[in-house]
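Note that chain A is present in both complexes that follow, paired respectively with chain B and with chain C.
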Partner chain A sequence: MFYQILVNGLIAGAIYALVAAGFSLIYSTVKFVHFAHGGVIALSAYMLYLFYSMLGLPFWLAAIVAILSGSIFGVAIDYFIYRPLRKRRASPTIILVASVSVLLLLESFNLIFFGADVKSINFLDIGTGLTLGPVIITSLQIFIVASSISLLILLFAFMKYTKMGKAMRAVADNKSVAEIVGISSERIYTWSFALGSLIAGFAAVLIALEQNIEPTMGTALMIKGFTASIIGGVESVAGGVLGAFLLGLAENLGIWWLPSSYKDAIAFVILFIFLLFRPEGILGVKKSNK
Partner chain B sequence: MLSAYFIHLLILIGIYIILALALQLALGYSGILNLGHIAFYGLGAYTSALLALSGWPFLLCFLAGGAVAMGSAFLLSLITSKIKGDYLALVTMGFCFVIYSLMLNLDELTRGPLGLPGIPRPTIFGFSFSDNFSYLILVTIIAGLVYLIIKRITDSPFGKLLEAVRDNELAAKILGKDTFKVKTFSLALSAFFAGLAGSLYAHYITFIDPSSFSLMQIIPIASIVIVGGLASLPGTVLATVVLTLIPEALRFVGFPSSILGPMRQIIYALVLLLILIYRPKGFFGKVELE
Partner chain C sequence: MSKTMKWIIALVVIILVVAGVWFYSSKTATAPTATGPIKIGLSAPLTGEGASWGQNAIAAATLAVKEVNDAGGIGGRQVELIAEDDKGTAESVNAFNKLINIDKVVGIVGPLASASAGPALPLAQTAGVPVVMIASAPALTKVGDYMFRVYPADSYQGSLGADIVFTKLAKKKVAVLFVKNDYGQGVADSFASKFTSLGGIVAYKGEIVNGTTDFRSEIAKVKASGAEALYLAIYPEGGLILSKQLKEANNKLPVVGEVVLNDEKIVKSGYAEGYIFTEPKSDLSEDFVAKIKALPDYKDLSVMIAAPFTYDATKALLSAIAKTPADVSGLKIKEALSSVSFPGVSASTVEFGADREIKVPAFNIKQIKNKTVIDFAG
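Our next item is the complex of A and B:
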């Protein structure tokens, strides 16, 4: 039983990690809470439903379209909403309020165009599990954990070794200095939205396969991804990933005692505790000027 | 027929005016970015409904609704005394989500997602407000009283102190003012009025369920407060009337009722985004949101 909980925590953590990684990547450069990230995931999941289940495209093609559309939505939100706000020097708090509105906007669009009922993508048979020693796990879940981990490794390599990754880290570290050496911060913002939302699209495809698609999934996922980032340290992608796995484990251990619908509340109680006592997260560095 | 519908709208507007004025006190006058305002509204509604269903007289239920909301605001203020800005906004959102989870999960008390039906219409000193017209009078009187009380407070020296804390907390501290006490008082009073609004809502509709008090319900109220303008009471009232009536026009254009709800949310989200981008002071505002 204990091992099964551990494995369930790992699967949940892998999904949260994908949400948190994209979110943290964006936060680290732009320095405001892009709450609508969850909305981008939901919308991408609906794109998969649209192209695969409704229009009958081959699954892999539909998945690629969904992932790319995630990236496009992210960049569009930045361009049409956040950029005008940045231009008039709005505070991060205002941008947070704006981003909650965007999330509501996306949710309402999903409701209007796709209806309130729960959709599922029946591409893989998720009913039968493999028995590995004391635990039962489906091949899709193994795929989720494996692809989540490989994508995260790719992301780290990108951030560490490519020119764009280095420029992103430079802007994240010190925007003014990065601009002095000739890095355009606006351009980097666009790229981080593109890349962060691409990861969101990838997360959307995996979530659509493993769970159901529903209009409010964006808010629920965002709460998890955000909590994970805060636990690990919102300024770093590594922190977000660490936080995601910890959160996945904490939730699955928690519903040992509590009804499973309390899962979300567990996330928020942990979020509360971290925001109050260690807002910089586990990996974060305390800033004296905050 | 039309007049019955009109009375219904006026009652909702009255309840919304109380809710928006309450948020105005915390957000506009005291600068507390409380995105969890709906939690107080919900606590007021549930407290009042549960007490009324167990046989308490309306006036006591009504005041208890306000008092419970106030008590929770006091606790929230205690735990958030050290944080501000977007972190505070996030913790208040988290608070709202925790309250929502409790409504959904405390089955024995709240009947979870089934909601509480059969909440009695109020009776005060033997007079029953069972028809909508008399209920409208009740709501109008209470909304008027709340308006006068908030106006009295914000015009008083204490109101100026609130604004001083909003504009420059450090300066207010240097002048020897206990800014924590000031903000706690403001948030608690704001929650009290929101709780009263919740009670009026519950006894009017006679049925409540958690969906009326979800996190995203903050967007309509925040739109009203920001569109009307921070620290403007007449602006808030006018914005409530206008923003409640605009989505109603959709009903007459002939949209099916299943998309009316999401359409309404889209309107509120768009209005809020546009005002944040193009006119952050709102229409009658004295200060900008920070």
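Our next item is the complex of A and C:
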């Protein structure tokens, strides 16, 4: 049973990681909490449902449309909501409130246009999982775990070696200095939202296949994704992914002994421990006292 | 303008405001007038985990009200249905407060979820507003004498399930997974106590939080417990994912549950092949389904068991109101409810006993085979 629970933890962690990666990427440059990220995931999942199940597009095409629409929604939210607020020099708290409002708005939007009932994407035939020694896992789950890990590596490489990644890190590190050397922070913000929300769209497709789609799924995902990125270090994308796997494993190993109704309690106890003793997270850098 | 003039104007304004407030409050303080529509409330999970139940409930209540209105209303007055979303949670408190204090309904249909009913029912009892509920936790009708129920309490379903597992399937060791709230706990407890009294062993009892989407570790624990069968008390949305993950985990245990498994999405998914469940006898007659689907907004609704029960609950309330058309007060309606009797769609006769429970609950044992629901043969 231990190995099965270990694998269950990896699967859960991979799903949290898909959420946390995009969230951390956006946070690292813009420095405010974009809770509406969860709403973008939910909306992208509904786009998949719209184009695949309702309009009958081929799955790969619907998936691409859903992923791209994630990116478009993210940029649109930044352009129409956050940017005007930034121009008025709104504090991060105000932008946080705005992001929660956008999340609720997107959920209500899903509710109005797609209805309250749970939708499933019947693309993959659900068969019995593959038995690998003591463990049962489906091929979709292997794909989810693999893509989470690849995402971790790709994002790490992107931030480290590409010009855009370097520019993002520069803005993340010190916005004023970055602007002095000619990096437009607004442009970098737009790119952060585009890229982070592209990951949200990708997450949406996989989560839609693995779980089901419901209007309020964004909030549930966001809570775990946010917790994961705090644990991992909210300014580090790799940290977010790492935190997600840690969270998934801790939850599942924890309910080996505890009733599974304690799952959320386990997650939040870990969150508190990190907030108290290592608020910068696993990979975060401790800010020096100035 | 002179100072005196200003004072006079100020005085006049004050008098007008005071008079206006007095006039308005004295007007609303009088007893509900015998004109205008008779308002009844519905508290149902229109969104969230139990949304499919809520959508069925609102459709069924709308149908019952429409039938009365089409036949001329009650005592010449039309009936107005006010539906509030209780989300299947304690949100019901807000729903009840609004229905009782703002809309001033004369009676409430619902809640459907025990988790909603528990916190909200005392409000109606205190305010003297009769409630005809569908929620199934055994203790709910004991809240007070304004509480009626058209649905058989969980204690019936749980012990019936225990009977099936022990006697019909001849399994002596069982695992139970239940959603951790009034409903799940109620069913699981009555199942477990009946099963142990028959001589069986409950090897594992796993609680699930409403809204969970990952049951894999619970499934691993069920497997490790050495149980020979699995009993479920879980909502449809969770049940859909659980059955999928059970299938992925190559589950070989027979699964027994109760009526919640009879959800079109679960049945049609193909994940739940072979599942056995008990169901309060309620024939979804084609006639009834057709009537629901003929309503303007509900032609695509997947009609399930919540509809006939909500329909009968609404009809019971409306028949009670029709017995006292001259005085539609809570007290009179409550008294009339105990003598209501009509052929229902959820039971052959809808009548309340002295315990304010439906008098004759009847059950079927069903099984999911080839994505349809059939009578259980074993």
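Remarks
Simple rule for what comes next: the second predicted complex is superposed on the first by the 276 of 290 C-alpha atoms of A that agree within 3 Å, B and C clash if a C-alpha of one lies under 4 Å from a C-alpha of the other, contacts with A are read in each partner's own complex, and residues count from 1 in each chain.
The working rule: a residue touches a chain if its C-beta (ideal position, glycine included) is under 8 Å from a C-beta of that chain, and two chains touch if they have at least 3 such contacts.
Since the structure is predicted, the reported quantities are computational estimates derived from the model, not experimental observations.
If you put the two complexes together on chain A, you find that chain B and chain C bump into each other.
In the superposition on chain A, A:Q4 contacts chain C only, with no contact to chain B. When the shared chain is aligned, chain B comes close enough to touch A:S101, but chain C does not.
In the superposition on chain A, A:P259 makes contact with both chain B and chain C. Residue contacts after overlaying the shared chain place A:L111 against chain B and chain C alike. In the superposition on chain A, A:T138 makes contact with chain C only, not with chain B. When both complexes are aligned on chain A, the segment of chain B among 115-123, 133-141 or 277-285 whose C-alpha atoms clash with chain C is 115-123. Touching of chain A by both chain B and chain C, each in its own complex, is seen for residues 111, 115-116, 259, 261, 264.
Residues 46-48, 51-52, 54-55, 180, 206-209, 211-218, 220-221, 223-224, 237, 240-241, 244, 247-250, 265, 269-271 of chain C touch chain A in their complex. On the chain A side of its complex with chain C, the touching residues are 1, 4-5, 8-9, 11-12, 111, 115-118, 120, 126-129, 131, 136, 138, 211-212, 214-216, 220, 252, 255-256, 259-261, 263-264. Per the touch definition, chain B reaches chain A in the complex via residues 33, 35, 79-80, 82-83, 85-87, 89-91, 93-95, 97-98, 101-102, 104-105, 215-216, 218-219, 222, 258-259, 261-263, 265-266, 268-270, 272-273, 276-277, 280, 289-290.
In the complex of the two chains, the chain A residues touching chain B come out as 32-33, 81, 84-85, 88, 90-94, 96-98, 100-105, 107-109, 111-112, 115-116, 219, 223, 226, 259, 261-262, 264-265, 268-269, 271-272, 275-276, 279.
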